[in-house]
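Below you'll find the structures, each written out as structure tokens.
Both complexes shown next keep chain A, but they swap its partner, so chain B is in the first and chain C is in the second.
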Partner chain A sequence: MEKKHGGIGLMIYAIAYLTFLYVPVLFLPLFSFNDSLFVAFPLKGFTTKWYAQMFEDEAMHRAFWNTLRVGFAAALASTALALPAAKALTLNRMRGGNVLIGFANIPLFVPEIVLGISLLILMTAAKVPLSLISVTVGHTLFCIPFALAVLMSRFEGFDRSLEEASLDLGESGWMTFWRVTFPIVFPGVVASLLLTFLVSFDDFMVAFFLCGTDTTLPVFIWGELRFPFKLPGVLALGAAILIGSCILVAFAEWVRRLGTTGSGPASFGHA
Partner chain B sequence: MAIDNFLSIQGVSKRFGGTLAVNNVSLDIARGEFFSLLGPSGCGKTTLMRMIGGFAMPDSGIVAIDGADVTALPPNARPTNMVFQSYAIFPHLNIADNIGYGLRKLKLSAAEREKRIAASLAMIKLEGFGQRRANELSGGERQRVALARALIMQPKVLLLDEPLGALDKRLREAMQIELRELQRRLGITFVFVTHDQDEALSMSDRVGVMSKGKLLQVDKPKALYERPGSREVASFIGTMNFFEGRVLEAAADSLTIETKEISRVAAKPNGARAFAVGDRVLVAIRPEKLSVSSTPASVNSVQGRLHAVSYLGDHHLLQIIVDGIREPFIVLAPSDGKGLDENAMPDSAVWVSWPADGAIILPAA
Partner chain C sequence: MNPRGVAAHNPLLQRGAILLNVVGGRPGGSGVAAIDVRREPKPGLWQGLFRSESARGYALTTPMLAVLFLTLAAPIALLVLYSFWTQMGLYLDQTPTLANYERALGAANYRTLFLRSLGISSLVTLITVGIAYPIAYFVAFRVRRGKFLWLIALTVPFWTSYLLRVFAWKVILGYNGVINSGLMQLGLISKPLEFLLYNPTAVIVTLAHAYAAFAILPIYVSLEKIDRSLLEAAADLGDGPFRRFMRITLPLSLPGVIGAALVIFVPTTGDYVTPALVGGPSGTMIANIIQVQFGRVNNWPLGAALAIASMTAVALAAIFAIQALRIAVARVR
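Up next, the complex of A and B:
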């Protein structure tokens, strides 16, 4: 009996939690279909014209394209940098590894505005012109902790003797990486690429400080908010990004888990 | 048997942090020999084998194979291959590609590669399994794939790290016979690491017993069982009854040993070891060398109390407590009633006896 009461309590808590988390977000798609310039109840009627308007906006297209390019570059760079680090920290049990993980995670805890300003100062001092390149550098920096977390979880449980077996069968360390290590952690690499792409795609603060005149999508949206008549279009854009992000995250999580059960070499017990 | 030094290990040591994992081990293994490294876990046997394979570098000493010093060579430059304890079957490749993994370096034609893989699959009786994945195979099948993948490289020395440890008892025994037969047929030198003494004794030409980083004794299985060189070896291989004494008389072919608990013990010196009067010694007797009766025998008899009897089918395992000796005597007596009174009840008085050549005399540590 008590157990059942606990179950109901937990259920109420879960529903309240999810409502609090998602209802505000759901206003975005809701108003994006509302046939009115003003974001207010009651709803006036159903329309898709805001979406049509959004797709016709040249500046939006440029910003979207910029965001994609930065996202791809930052995802590739951060994943490529995190891959050897993740391997060293898990498989090779590098000395002082925990300290290094701590340092690598610092960008997660530094307020983004501080990160943005400090990167701006650095870029200015180094005379790097503010452009998509400076944004990519900034994004790579704070995507690394995400890439590291995803890749390290994939390396956990990786049987070291697989690499030893490859060396034993005559392969070099480099070929062992490409023939054994990389294919086995590949789902983690894909998950890391997707996640870091998304982190870069969604970032406003760092891009705001570093993009100069090459606006990315979040910076473009921020600019659009100055014009009240453009608000519904921004809502439509926001809703589209929201749905795209959800699909990408779900896909990344699915890929990350691929092959982590059942195909392991040591699915029987041994010390 | 003259031991040629096909695989030669000279004064090899390896330290991990504060502990000497392998302590100054020297060992020569002959071409085509089935050699086992036997010892409890943590004794250094795996570390020693990993140094033969190139997965660990000795801090000092030399490893040479077929006359060539390989001490500094990485695993991919050594004429050795290894069967890993976890088998290390590549999960992203099918069985044929697992077996053919090492062939890439040989730059074979596709047809030649296929031919060798097919022959290899036939050798391990897994024809038609080439397209399967490791997770579709049983433990025993995976073990054979790991073996085939190593043997296809035609190594001069095959290293096997507890390869049968993960298999159940029946399969393990079948694989022991299969492995031994395969090794004889191929004539490849096997270095087999195990903590299972039955496995080591039944399969090997010679066995090296290790403990705490040291190689205690290297001998043929029979010699190891019948003439262990130390208490550690004697107690690790099979069951052994021990008691201490002092040499009272020493002749060329007989010893008299005085013990506190049992009057005088007559024994024969075994092996090349010579004892002098006054030496402190350890008397070691196998359970099957002891016999039990209700009356004392003419030589080497001691009275005790029957503590427990376990029925083992063709034998009885008896525990007999002798006053003054800490561990009860373990006696393996035939079940046909010879020697043991059928009506012997626990706590009844019995005599334990053994012939003069039934005991092994070791120097007391």
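Up next, the complex of A and C:
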């Protein structure tokens, strides 16, 4: 048994770190209820008018629906593409599998602005008008590494004898996938859909270059930041988004681990 | 230190693979069926084509790879192509030229931006990895119960809106922001501090916070995989905690550290949002000037050359830093 050197010190450090991670962000919800145009102490009093204002904003509604549509499409596309790939890369002994994983992870390592401008050039060259469709294409691209990581973590330790048993009992490969493989990895699929949806929902940079006049929510927020008097509204919207995404992430992580014993997170960033 | 590696080390999978080879069935196919003479495998085109396990694996990855080629490789190739062209008002002169690169690398203002971007992101990488390591260590080695909750708590910010996290810092550091108004309220200062926002320090603080969650996971995963019996062996052989850390834990967690450093260093060098929101004129970075070329100035070829040049610089800097780190750690050992 190891001795617990510095256990208390590390614990204090960990709590300080969590404070650093969370407190700056918590100012958004705090000031979203403050009855003042300025984000400054002292707090002036409690109000929900910024939220009420936000719900009446037509442009915001349009941006919100645009973001939802792009998010659903990108989540479905990236998860559908990554699912067979994750299975093959985890379970099949493939030559060059590591190279393929590295290649699929490139979007994580390329600055988003480079993804944005290069896709902009592609769309221009292919004469595709900038719209929600071009945004969806861009989001699908950089959701792939996330979907792949989540799904591969689910395929780890997958017992192939189950598939073999099904094939031996006469099921076709396709039916084996749907009746054996898919149910086992289903929690991973749900987690992948939720998390890629969030990645798409939160993206500003790629949408900024590719959305044309069809604004998504982060691009809408970016535009609002120019007007000081709209700041409280942005705070309310931001607080709502943050809380919504926290709930979604916690739920996704919980689902991803259903029925597994491993406690490791999906690992990103090492090709 | 990638998921594939984990798969290869999974005893279950390894045993399965050996078993299949012994039975002599097609790898990945049903080894039992090869023995079971009653059921003849139907020879179909599908099975013929995808007999080998590798080939079937490639078939399953093909759709994803095709999309990646189309939306990643092709656009970057186009970007490279553009960087050799010339913008002539509204039309593009497609005669290849190096003029954009001469301008991107020669002009003093661009050089300043390159150096500043690399400097800022190097500092951000050092700070972020440095402060994340103890946390990853804490969760991997010290937390016994509630590991899951710790991991969730550390993962959640990773998935929340980057734009909003940066925006929070603008609100905090502003002239009439949270810090200034808070300190004035407490009577500690009489007028707002002006040095908080719109400078490189604000960019560094904001980036270090925004990327904090990116550093923990890779380091944690590599620490978690360390065989604990190695640590016990070192202790039994008389290494103190510090020497044990330096000679076993740190070198074995190096892949995670390098992964974390890369996933912070590369994107932060090309970060646009943070310098635009909190950087001010003295905190402007290379991405801001690239965006201007694709926006207001409308000189896409120059923007492309700036992007390619900065990515090359980042790649070279990263390779150099990784080699230096490897040598340093080897020496400590």
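Everything that follows uses one rule, which is that the second predicted complex is superposed on the first by the 255 of 271 C-alpha atoms of A that agree within 3 Å, B and C clash if a C-alpha of one lies under 4 Å from a C-alpha of the other, contacts with A are read in each partner's own complex, and residues count from 1 in each chain.
Keep in mind that, in the parts below, a contact is a pair of C-beta atoms (placed from the backbone, for glycine too) under 8 Å apart; a residue touches a chain by one contact, two chains touch by 3 or more.
Quick caveat, the model's predicted, so the values are computed rather than measured.
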Is A:168 touching the first partner chain B, the second partner chain C, both, or neither of them?
both
Output check: A:89 vs chain B and chain C. Expected answer is one of first, second, both, neither. What do you get?
second
Return first, second, both or neither, reflecting whether A:240 touches chain B, chain C, both chains, or no partner chain.
neither
Go through the superposed model and pick first if A:130 touches only chain B, second if only chain C, both, or neither.
neither
Could you look at A:76 and tell me whether it touches chain B, chain C, both or neither (first, second, both, neither)?
neither
So, A:183: does it touch chain B (first), chain C (second), both, or neither?
first
Tell me which partner touches more residues of chain A in the superposed arrangement, chain B or chain C.
C
Which of the two partners, first being chain B and second being chain C, lies in contact with A:111: first, second, both, or neither?
second
Which partner chains sit in contact with A:159 here, chain B, chain C, both or neither? Use first/second/both/neither.
both
Chain A residues contacted in one complex by chain B, in the other by chain C:
159, 161, 164, 167-168, 170, 263-265, 267-271
Taking the touch rule as given, give the residues of chain A at its contact with chain C in the complex, in rising order.
2-5, 7, 10-11, 13-14, 17-18, 20-22, 24-25, 27-28, 31, 38-42, 81-82, 84-85, 87-95, 97-98, 100-104, 106-115, 117-122, 125, 137-138, 140-141, 144, 148-149, 152-153, 155-157, 159-161, 164, 167-168, 170, 173, 195, 198-199, 201-202, 204-205, 209, 218, 221-222, 225, 231, 234-235, 238, 241-242, 245-246, 248-250, 253, 257, 263-265, 267-271
Touching residues of chain A toward chain B in the complex: what are they?
159, 161-162, 164-172, 179-180, 183-184, 259, 262-271
Flag every residue of chain B that touches chain A in the complex, lowest number first.
41, 53-55, 74-76, 80-82, 84-92, 101-102, 104-105, 133-135, 139, 149-150, 153, 165-166
Spell out the part of chain C that touches chain A in their complex, as residue ranges.
1-7, 10, 12-13, 16-17, 27-33, 36, 39, 46, 53-54, 56-61, 63-65, 67-68, 71-72, 74-76, 78-79, 82, 131, 134-135, 137-139, 141-142, 147-148, 150-157, 159-165, 167-169, 171-172, 174, 176-178, 180-182, 184-185, 209, 212-214, 217-218, 220-221, 224, 228, 231-232, 235, 241, 255-256, 258-260, 262-263, 266-267, 269-273, 277, 287, 290-291, 294, 300, 303-304, 307, 310-311
